[in-house]
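Every chain is named by a letter (A, B, C and D) in the order it is written, and numbering of its residues begins at 1.
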Amino acid sequence: MGNKPMKLWQKDYSLDQQIQKFTVGGDHLLDQHLIEYDCQASLAHAEMLQSIGVLSLGELADLKQGLAEISELAGNKDFPIDEACEDCHTAIENYLTDKFGEAGKKIHAARSRNDQVLTCLRLYEKYELGQIDNLLIDYQSCLAKLVARQGTIPLPGYTHMQRAMPTTIAMWLLSFKDSADDNRLLLRSVLALVDQSPLGTAAGFGVPVLKIDREQTARALGFKKVMKNPMYAALSRGKFETQVINLCSQIMFDLNKLASDLILFNTTEFGFTTLPSEICTGSSIMPQKSNPDVLELLRGQYHIVLGEEFKVKSLLANLISGYNRDLQLTKEPLIKSVNTTKACLEIIQVVLNKISFNKAACKKALSPGVFATEKALELVQMGLPFREAYRAAAKKMGEIK
Amino acid sequence: MGNKPMKLWQKDYSLDQQIQKFTVGGDHLLDQHLIEYDCQASLAHAEMLQSIGVLSLGELADLKQGLAEISELAGNKDFPIDEACEDCHTAIENYLTDKFGEAGKKIHAARSRNDQVLTCLRLYEKYELGQIDNLLIDYQSCLAKLVARQGTIPLPGYTHMQRAMPTTIAMWLLSFKDSADDNRLLLRSVLALVDQSPLGTAAGFGVPVLKIDREQTARALGFKKVMKNPMYAALSRGKFETQVINLCSQIMFDLNKLASDLILFNTTEFGFTTLPSEICTGSSIMPQKSNPDVLELLRGQYHIVLGEEFKVKSLLANLISGYNRDLQLTKEPLIKSVNTTKACLEIIQVVLNKISFNKAACKKALSPGVFATEKALELVQMGLPFREAYRAAAKKMGEIK
Amino acid sequence: MGNKPMKLWQKDYSLDQQIQKFTVGGDHLLDQHLIEYDCQASLAHAEMLQSIGVLSLGELADLKQGLAEISELAGNKDFPIDEACEDCHTAIENYLTDKFGEAGKKIHAARSRNDQVLTCLRLYEKYELGQIDNLLIDYQSCLAKLVARQGTIPLPGYTHMQRAMPTTIAMWLLSFKDSADDNRLLLRSVLALVDQSPLGTAAGFGVPVLKIDREQTARALGFKKVMKNPMYAALSRGKFETQVINLCSQIMFDLNKLASDLILFNTTEFGFTTLPSEICTGSSIMPQKSNPDVLELLRGQYHIVLGEEFKVKSLLANLISGYNRDLQLTKEPLIKSVNTTKACLEIIQVVLNKISFNKAACKKALSPGVFATEKALELVQMGLPFREAYRAAAKKMGEIK
Amino acid sequence: MGNKPMKLWQKDYSLDQQIQKFTVGGDHLLDQHLIEYDCQASLAHAEMLQSIGVLSLGELADLKQGLAEISELAGNKDFPIDEACEDCHTAIENYLTDKFGEAGKKIHAARSRNDQVLTCLRLYEKYELGQIDNLLIDYQSCLAKLVARQGTIPLPGYTHMQRAMPTTIAMWLLSFKDSADDNRLLLRSVLALVDQSPLGTAAGFGVPVLKIDREQTARALGFKKVMKNPMYAALSRGKFETQVINLCSQIMFDLNKLASDLILFNTTEFGFTTLPSEICTGSSIMPQKSNPDVLELLRGQYHIVLGEEFKVKSLLANLISGYNRDLQLTKEPLIKSVNTTKACLEIIQVVLNKISFNKAACKKALSPGVFATEKALELVQMGLPFREAYRAAAKKMGEIK
């Protein structure tokens, strides 16, 4: 076999080259995100295999060493995956077999690529949800700092894009902080959902013959719970991913709205803020332009995540139980959504740290109409029924003759 | 003004009739779902207004009586909403004003239609989530009963729509039961999200002048928590609805898959089940046909809910903070998603109660290949490395010469 | 059988009542849009059946009379469809059979509900595309009239929501007129697509035994072409509908952008227009408000149509060839998209006819920066390389020190 | 300035590095697809500038040479774009300026990156639509060849996934061929739409001062028509892309259905075909498996393209007229949709060339029920009213007792 990469299911025919290229798609590249998690999961699996007698202590030691090597190589971006290998799982098994022979050939006992992928994805998701949570906290603290700096500035609140009632920079920005609190609650519920170990469900129907210990591997990998029914593990593939992406789209929605506000406030006509030039870009033809591209892209990225969410929600449908290869196509949307959300949560902090508001322009926008509700409620306080107070205030504003 | 319906914001001009028809849309019909909740919320608001001195005890008594009347009329489908009234909130205020004069004119003090709608929707959502939870429990018990009846029947599990490994009716159906458990956890987190009182946030910027007691109304309406920041209340409109619909689409996804399984199992070629004729429909031209329409529609309805989810997630975007009328269009997707999900959870139970599986056909499908993994693992148990055992088993199957 | 409605496929068992309600869904209501087209198609089919000897001249005369009666009843909204009838096709056959006996029982020879529905939908689409085309022409003429009224007013063009270069009301509005021209071209290509007769493809596999004349029915119904392959007729169900809805979403996209422009121009801060109050609505709490609800809903309705498009494009997928009942669910999205688009094309005309622009505010917004490109190009005309001219102009604007 | 890449809008401050990375995104990589088209468009633009006196003949010669060099480098994948350059347009101008000084600095006169990008995208789309059309023709001829090989094999047609009426391999496959004909008509209408030259619309408001000749550049680039209104050019960005992607999703829809059919026909239970092993992949754990991954991924890729379509359709909305940076995010969905569609049209041909059908299994599936309609129509031919013939046939089938 030598250096030629071998597939896990290699038989005595060769896969058509065009078919191979098409079926692998971008998996060998995307899987760079998963190598570390497969090393962790393979180690836990190997330890369990040793504890039930499938591997010897020596073989386990070999695998431990090999997996540590791979993990280090991957950390240095130095564990490329050959297209013929299909994915990181095959590349890792091939590495172990090339290096240690028997031990490598034994590690796949009692597991399937299906539960390997599932386990890697769950570990990836748990880690990334933690990262996103940290970024949410940082973002909230940027909002708080800006409120501390300029929160007392009054400005009109808008409904229907028309001046409505008075508000402040603080009330406006803290609405996003509160929303981030609820997004963090949602994050915790998604985290609880994905924190279930699928390892040991094999191809989606469990492991016959061998007496594997699924509690042991779950414990070793830090999962709260074992996902018992193997067919539920298969059902959860993609479905859980929709929930991670739905969380991402919720976070992105807030950033979309905050960006929409800032873009409007940054127009010459509103003038509530003027973005500092080091975060603006220019025009190739119009010398005077200073454009809020960063905010426009923040706004647009919401739709990208939304598109990824609907890809997954749509492609899962109308398929029967058990693994279908269509599910491979859920991997890229997941990783793209996570990466986009993280990048956006980072960039909004740059903006929030550098922005400031023009007090004079904000105050000037508080034209008399903005206080009409206050006037009406003062009449209510004096005993007028609200509906009459409303008409009296409208009359005073010239809205009724 | 007499019998002519008056708008809450009526001034001394008339809205163009075409514009009125277009802006009201189907709201006067959809709002039939919300009248009861507006009565509850209006009552809580009125009691609060009395407690802070805006209403007298007599006026409160009038309003109580009026709201009870409206609630009863609505219960009997006898409180139609005129298009010129725009929505249930206006129709209710008009009824109260027509009947009690002053008291009716006073009830809108310290609230806006914005927080009225928000409060009604939250109460509606809390109630409907409870209904959906009950239906999920019933559905789970139908699954359990079917498992009790026929769970031990063995059949092949499929991957890639190819026979893979042995499974049972029980393992298959219980995977849906487990998934429903996780859906119920998701439901509880959505319920916690919407269980926040927006009443008193008025137009999205709070109530000046009057000292309202938001804790009192929240308590009266059974909300766990007051949503303090009024601009967050505005931000949550539509956003919370996406989470209710996302829950619906998760539930519908499971039904989509269960229906997909059953449609396949009901083909002549698979023959694992034969749907009883009283739940099948026929063809207008082909005398022999007995079709699983109910399952096909169950499958299709997932996509309808998905489309509603996409509508709301898409229409909320690129809008600035504060209420925008676009948000009115989130009401129909919410109500449609909830109603569809409930109808589907009911109809799947009819199917599950009436269906049974053909033991002989299921067993017959367990062809030798299905046991190949077992064979390989038996070799592993005898000490062969898995990768060699795999090849040995493949050889035996004739997959390798 | 008497008055009890009978299904086309009625055998000697009764469909479970819950199943019936679920499978019929809203079809008996939606089909009010299709009765007229089924009468036309049934007449053409009957004439063909007579010409090949399946119907006598007397029977044909009966059916002609019956179909004319139904058509008239339907025109007066007086042909309700019982839920037990499932759809308009059954209701029509039942009416004919109740009234004429034999003739009614014969009319379904050589057709299936599948090709009946397909034919009705195609006729409906052809008619509605014509209506939409007329509305597009009217909308274009409203744009032209407004340009004639106020087209010469100069105002800044915006990129990145920042003032960019000078433009005019004419250039701005005529960009929508040009886009409508391209939308009309798209409409014609969609019209050509749907203008193929599916009548005679029966259940999707053609008609055996009887020698039907598909050219005759196609000619009678005004179709350009016969859709020969019966399985292509089945494949086109839903697929053609996505193209009608894609057209609708293209039209709606333009209205979304025009509405977005107008909402911004109508803000106090921009002030380029002030919507007349008879097309604005007020606030229930804020006496001063005059809101552009009509424009916000126009903007929002784009997303509704988009959601309908996504529903159909998603629900069609992953299904095998031949009719699947899921396809019934494409009917409502089609009708809703068509109706929404027509309503929006009508309402924008009301707005365009009533709106006018504030010349002074538009001109005032042409601040010096807007002319920077002109300055740079004047330097180019004098021989300076553009990139240097750009920097020189930027320097003059104070963008470079 | 030396080797440091310079932006087209470079002023005397530096863009924040994080902001630069975020705003550029993947543009410097994606633009590899566009370099060739920018060279063509830049050449046409330069020739026009020379003809109106902005460039000398010598400068034009320099630019010609430079653009030819870049085009050759790009053809060899040897024209990398630095992230600091933002995109291919900047990299090209920088190359020309570094090499030729004046001429390079002059080339951007009378154009903006906006119309440069638009022109490149239109040229790209025209080329790729031609490629897709060729692939559609090839795919149709593969279908025809398979029909020639095995078209006469009879098999049941299915409705509701139940055996319905007899059909043949030919009728089934040719339905896809007919559909491809209609897709090619759609392609031609999309091609006509994008075949309009935006060059010279500059930033979306035209070019002042200089008297450019837009007909000349359009002619040189092979465009059928000049897009006159510069604001329509801006409006068309993204909108035209949705139509290219809609075409892709139509093509992918057919492949999705063909793949769905083949996956089902390839099951053990149906057995109408057995995919040759060189296009199947195996399982990592189940030795017997031979899976139709290629077909499952073909099926899944439809949803990927659908997600890309909805990204673009969603992100364009609720934005005002004129360029907004959000539009940059339409580039990747376009390129991804085109590449996916081409790859899928290629791979289906591999499958169609290698597949064959099992005549015996197909014929065996023609069970008696499949001929029930024929039986009923024979009774009709003998004079029985259809509805009675239907019941008689049903009785014979045992459907009615």
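Rule of thumb we're sticking to: a residue touches a chain if its C-beta (ideal position, glycine included) is under 8 Å from a C-beta of that chain, and two chains touch if they have at least 3 such contacts.
None of the values given here were measured: they were computed from a predicted structure.
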| item | value |
| --- | --- |
| Partner chains that chain A and chain B have in common | C, D |
| Chain C reached from chain A - shortest hop count over touching chains | 1 |
| Between A-D and B-D, the pair with more C-beta contacts | A-D |
| Far-end chain from chain A, centres as C-alpha averages | C |
| Chain centre separation in whole Å, for chain D relative to chain C (CA means) | 25 |
| Cα-centroid distance, chain A relative to chain D, in whole angstrom | 28 |
| Length of the line joining the C-alpha centres of chain B and chain D, rounded to whole Å | 36 |
| For chain D, residues that touch 2 or more chains besides their own | 11, 108, 114, 159-161, 164-165, 202-203, 264, 282-283, 285-286, 289, 291, 293, 296, 299, 302-303, 306, 310, 314, 317-319, 324-325, 373, 390-391, 394, 399 |
| Chain contact topology (line, ring, star, complete or other) | complete |
| Sites on chain B touched by chain A in the complex | 11-12, 54, 93, 97, 102, 104-110, 114, 157-161, 164-167, 171-172, 174-176, 178-179, 182, 185-186, 189, 192-193, 202-210, 227-232, 234-236, 239, 242-243, 246, 249-250, 253-254, 256-257, 260-261, 264, 299, 302-303, 306, 309-310, 313-314, 316-325, 373-374, 377-378, 380-381, 385-391, 394, 399-401 |
| Contact set on chain C toward chain A in their complex | 159-165, 263-264, 266-270, 282-283, 285-293, 296, 310, 314, 317-319, 365, 367, 369-370, 372-373, 375-376, 390-391, 393-394, 397, 399 |
| Residue ranges of chain A touching chain D (in the complex, touch as defined) | 7-11, 13-16, 18-19, 22-23, 25, 89-90, 108, 111-113, 116, 202-203, 277-279, 281-286, 289, 291, 293-294, 296-297, 299-304, 306-308, 310-311, 314-315, 324-329, 333, 343, 346-347, 350, 354 |
